[in-house]
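Following this line, the structures themselves.
In the two complexes that follow, subunit A is the common piece, with subunit B as its partner first and subunit C second.
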Partner chain A sequence: MELTFYIAAAVATLATIMTITRYNIIHALLYLVVSFLAVAVVFFTLGAPFMAALEIIIYAGAIVVLIIFVIMMLNLTHEDVEHEKAWLTPKVWVGPAILSAVLLAELAYIILSPDTLPTEALVAVDARVVGLSLYGPYMLGVQLCGILLMAGIVGAYHLGRQKKKVVHRFLQPKEERSAAI
Partner chain B sequence: MEAAAPNYFLIIGGVLFVMLNVAAALIWIERRMLALWQDRYGPNRAGPFGLLIIAADSLKLFFKQDWTPPFADKPVFVLAPAIVVVSVLLSFVVIPFAPGIIVADLNIGLLFFLAMSSMGAYSIILGGWASNNKYSLLGAMRGAAQMISYEVFMGLALMGVVLMAGSFNLREIVEAQSGLWFFIPQILGFVIFFIAGIAETHRLPLDIPEAESELIAGFHSEYSGMKFGMFFIGEYMGITLISCMVVTLYFGGWLGPDFLPPIVWFIIKVAAFLMIFILLRASMPRPRYDQLMEFGWKILLPLTLLNLMVTAAVVLWLEG
Partner chain C sequence: MTSAHMEAALMLAGVLFMLGLISVLIRRNIIFMLISVEIMLNAAGLAFIVAGTKWVQPDGQVMFIFILTMAAAEVSVGLALILQIYHQLKTLDSDAANLMKG
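Up next, the complex of A and B:
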């Protein structure tokens, strides 16, 4: 089980790096899906199968599909890939890379220092436990998420609202038709 | 049955063998049944009852030129048909065919099925996008929207079953139905799940991503040879999978009177649902794309939510 964890973690890291460095955006998103799948396996090996399933269903299955859906409408060509290549010069990425390296070093230090080792054994977190904690101590968070999603739906409805289009002129009401003529 | 405890690898091999052959046999069954229902002959020349058409068809698929268009995005183009077959085959892992005949008795079996069916959407999207062709792209966009929307209703409709059985484990769900099959208390959930299942496998009447009469086969119009074959086989395995899930969740899985072994009951029930899929294809016209979306979001979504709330209330009332 421990070996599976390390393999999945390595795959997740590699796939995420590939996601960032690809020039073709669809290929990048494919690597992002692989990264999510690997993270799901990591969750599974850590004893949280419910989270693993939700990770695949929500992140890999719905959110990335929506992103791809938007990108498909952009009609990307080979030239766009070339543009992307031209824009991504070392000047752009060196700064963030150095800062991230500092964070990475800190993270490695925290993980390796002995006093942060987990003191209790791993417990399996199944659906029941997740539900109890969501609707127990984290009730407020769930409700805030609900409000946020509701606002999103109302906003999307407002943006997407259109006047009903008439498919054929014979289906129009009579006065409008004569006005149109 | 349980005492026999069949070999683990035997189960895996058996499930793989049976599923791939069922998918191939369905090609013949579908053509014959369509012909019967539409008052035609159907394939009846090669071999007894035209059975050899399966062999002819598969040989043709294997030896056809496997052409990758020069304008396609090659790695994605090759990857797309593999995803559909892999995701559908992986879903069969959690299905309990009979007591003891199950590949992986996962505690999150139902969620695993949902996860794999959402991965299946990628094959359509990526296949349509990588073909770099207007019709394919239109099909892919329709497919993406249709599959994401109907996944929502599918998942919500299943939650009624989960509430009643109190588990995501498919074996326990079947065992919870020993008194009453869930399709009676969950009739609404069953109908919605079945409609969502048709949309998920993009079969007629909801085959809007393909729609040969308007999109010339939609997302797979650039595919040929065995790559097309993978989409084809994936579709038939998809309807087998949905039939298996309907039987497991709503029609008591392997449960049935004692005079037949459990696996036979399972096969009979699945076969009945496969016939319903084919009958739907033979008899229903295709709705327009916006009609499909409106039907989903304006009718199915409120109904599933209502079903979920009523089920939860009744379960709570019976418990307390």
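Up next, the complex of A and C:
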């Protein structure tokens, strides 16, 4: 079981690295699905099987498919991959990568220093307790989530609508007007 | 009783968050930036679940459900914005969107 956790963690890290270094968006998304599935395995080994199922259904299922649909609507071609290749030069990524690695090293120092956290095995939390807590003390949070989703639906509909441009025929450029006539 | 240790799980969350942070810093394509934000949210949820498991409380998993909801709402609005930007500017370059003109 412990080996499962470490293998899944390695797969998640590698898949995320592949995600952030791909030039083609579809390839990056496929690696992202692998990363989410690996994190779901990590959840399972941590004793949260319900969260693992939610991770697969919502992240790897819904969100990635939504992004793939939008990419299909955008009609991206080979030129965009070339653009991506031109944008992602070592001069661009070395600086942020080094600084973020320094921050990660600090975080690792804090997490791994022996006096901050006692080292003991983790205990699984039952999904039943989570449900009772969700509909007990966190009732207001659930309702706020509903409001947030509603706002998301309305906002996505409003922003995604294509507005038809209506120009009076006297204001149109000359050639268009003659073509329309 | 699970066998994974807390430090390793928290380190995994930190590494994933750092990868997402690097990606959102170095990418110019808006869709890649959105994907990176998803990676970072996922890492934060992982940290919540690890903490909830550590103290045997359900709050961590409750917070993960909230993060999941927020990620879903965020990605739908973000993709609608990306579609609008693409129709206005005909490019996915985030540097091209520097005018606040409707």
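Definition applied: the second predicted complex is superposed on the first by the 147 of 181 C-alpha atoms of A that agree within 3 Å, B and C clash if a C-alpha of one lies under 4 Å from a C-alpha of the other, contacts with A are read in each partner's own complex, and residues count from 1 in each chain.
Rule of thumb we're sticking to: a contact is a pair of C-beta atoms (placed from the backbone, for glycine too) under 8 Å apart; a residue touches a chain by one contact, two chains touch by 3 or more.
The shown structure was predicted, so the numbers you read here are calculated from the model rather than taken from an experiment.
**Student:** Following the superposition defined at the top, how do subunit B and subunit C come out on subunit A, clash or fit?
**Tutor:** Pair status: fit.
**Student:** With the two complexes superposed on chain A, say which partner A:143 touches: subunit B (first), subunit C (second), both, or neither.
**Tutor:** neither
**Student:** State whether subunit B or subunit C is in contact with more residues of subunit A in the superposed arrangement.
**Tutor:** Residues of subunit A touched, subunit B against subunit C: more for C.
**Student:** Counting only touches as set out at the top, which of subunit B and subunit C does A:73 meet: first, second, both, neither?
**Tutor:** Both partners.
**Student:** With the two complexes superposed on chain A, say which partner A:5 touches: subunit B (first), subunit C (second), both, or neither.
**Tutor:** In the superposition, A:5 contacts subunit C only.
**Student:** Applying the touch criterion given at the start, work out whether A:96 contacts subunit B, subunit C, both or neither, answering first, second, both or neither.
**Tutor:** Second partner only, subunit C.
**Student:** Give one of first, second, both or neither to describe whether A:61 is in contact with subunit B, with subunit C, with both, or with none.
**Tutor:** A:61 contacts subunit B only, not subunit C.
**Student:** With both complexes overlaid on chain A, does A:20 touch subunit B (first), subunit C (second), both or neither?
**Tutor:** A:20 sits against subunit C, while subunit B stays out of touch.
**Student:** May I ask you to decide whether A:50 touches subunit B, subunit C, both, or neither, giving the answer as first, second, both or neither?
**Tutor:** Both partners.
**Student:** For A:30, decide between first (touching subunit B), second (touching subunit C), both and neither.
**Tutor:** It touches subunit B, and subunit C stays clear.
**Student:** For the combined overlay, can you note the least CA distance between subunit B and subunit C, rounded to whole Å?
**Tutor:** When the complexes share the chain A frame, the smallest subunit B-subunit C C-alpha distance is 13 Å.
**Student:** Does any part of subunit A touch subunit B in one structure and subunit C in the other, and if so which residues?
**Tutor:** 50, 54, 62, 66, 73, 127
**Student:** Show which residues of subunit A lie in contact with subunit C when the two form their complex.
**Tutor:** 1-2, 5-6, 9, 12-13, 16-17, 19-20, 25, 28-29, 32, 35-36, 39, 42-43, 45-48, 50-51, 54-55, 58-59, 62-63, 66-67, 70-71, 73-74, 76, 80, 83-84, 87-88, 92-93, 96-97, 100-101, 103-104, 107-108, 111-112, 117, 119-125, 127, 129-130, 132-134, 138, 141, 145, 148-149, 151-153, 155-160, 162
**Student:** In the complex of these two chains, what residues of subunit A are touching subunit B?
**Tutor:** Residues 24, 26-27, 30, 33, 49-50, 52-54, 56-57, 60-62, 65-66, 68-69, 72-73, 126-127.
**Student:** Under the stated contact criterion, what part of subunit B meets subunit A in this complex?
**Tutor:** 73, 75-76, 79, 106-108, 111-112, 114-115, 118-119, 121-122, 125-126, 128-129, 137, 140-141, 144-145, 147-148, 151, 155, 168
**Student:** Okay, in this complex, where on subunit C does subunit A touch?
**Tutor:** Where subunit C meets subunit A, its residues are 1-12, 14-16, 18-23, 25-29, 31-32, 34-36, 38-39, 42, 46, 49-50, 52-54, 56-62, 64-66, 68-77, 79-84, 86-87, 92-93.
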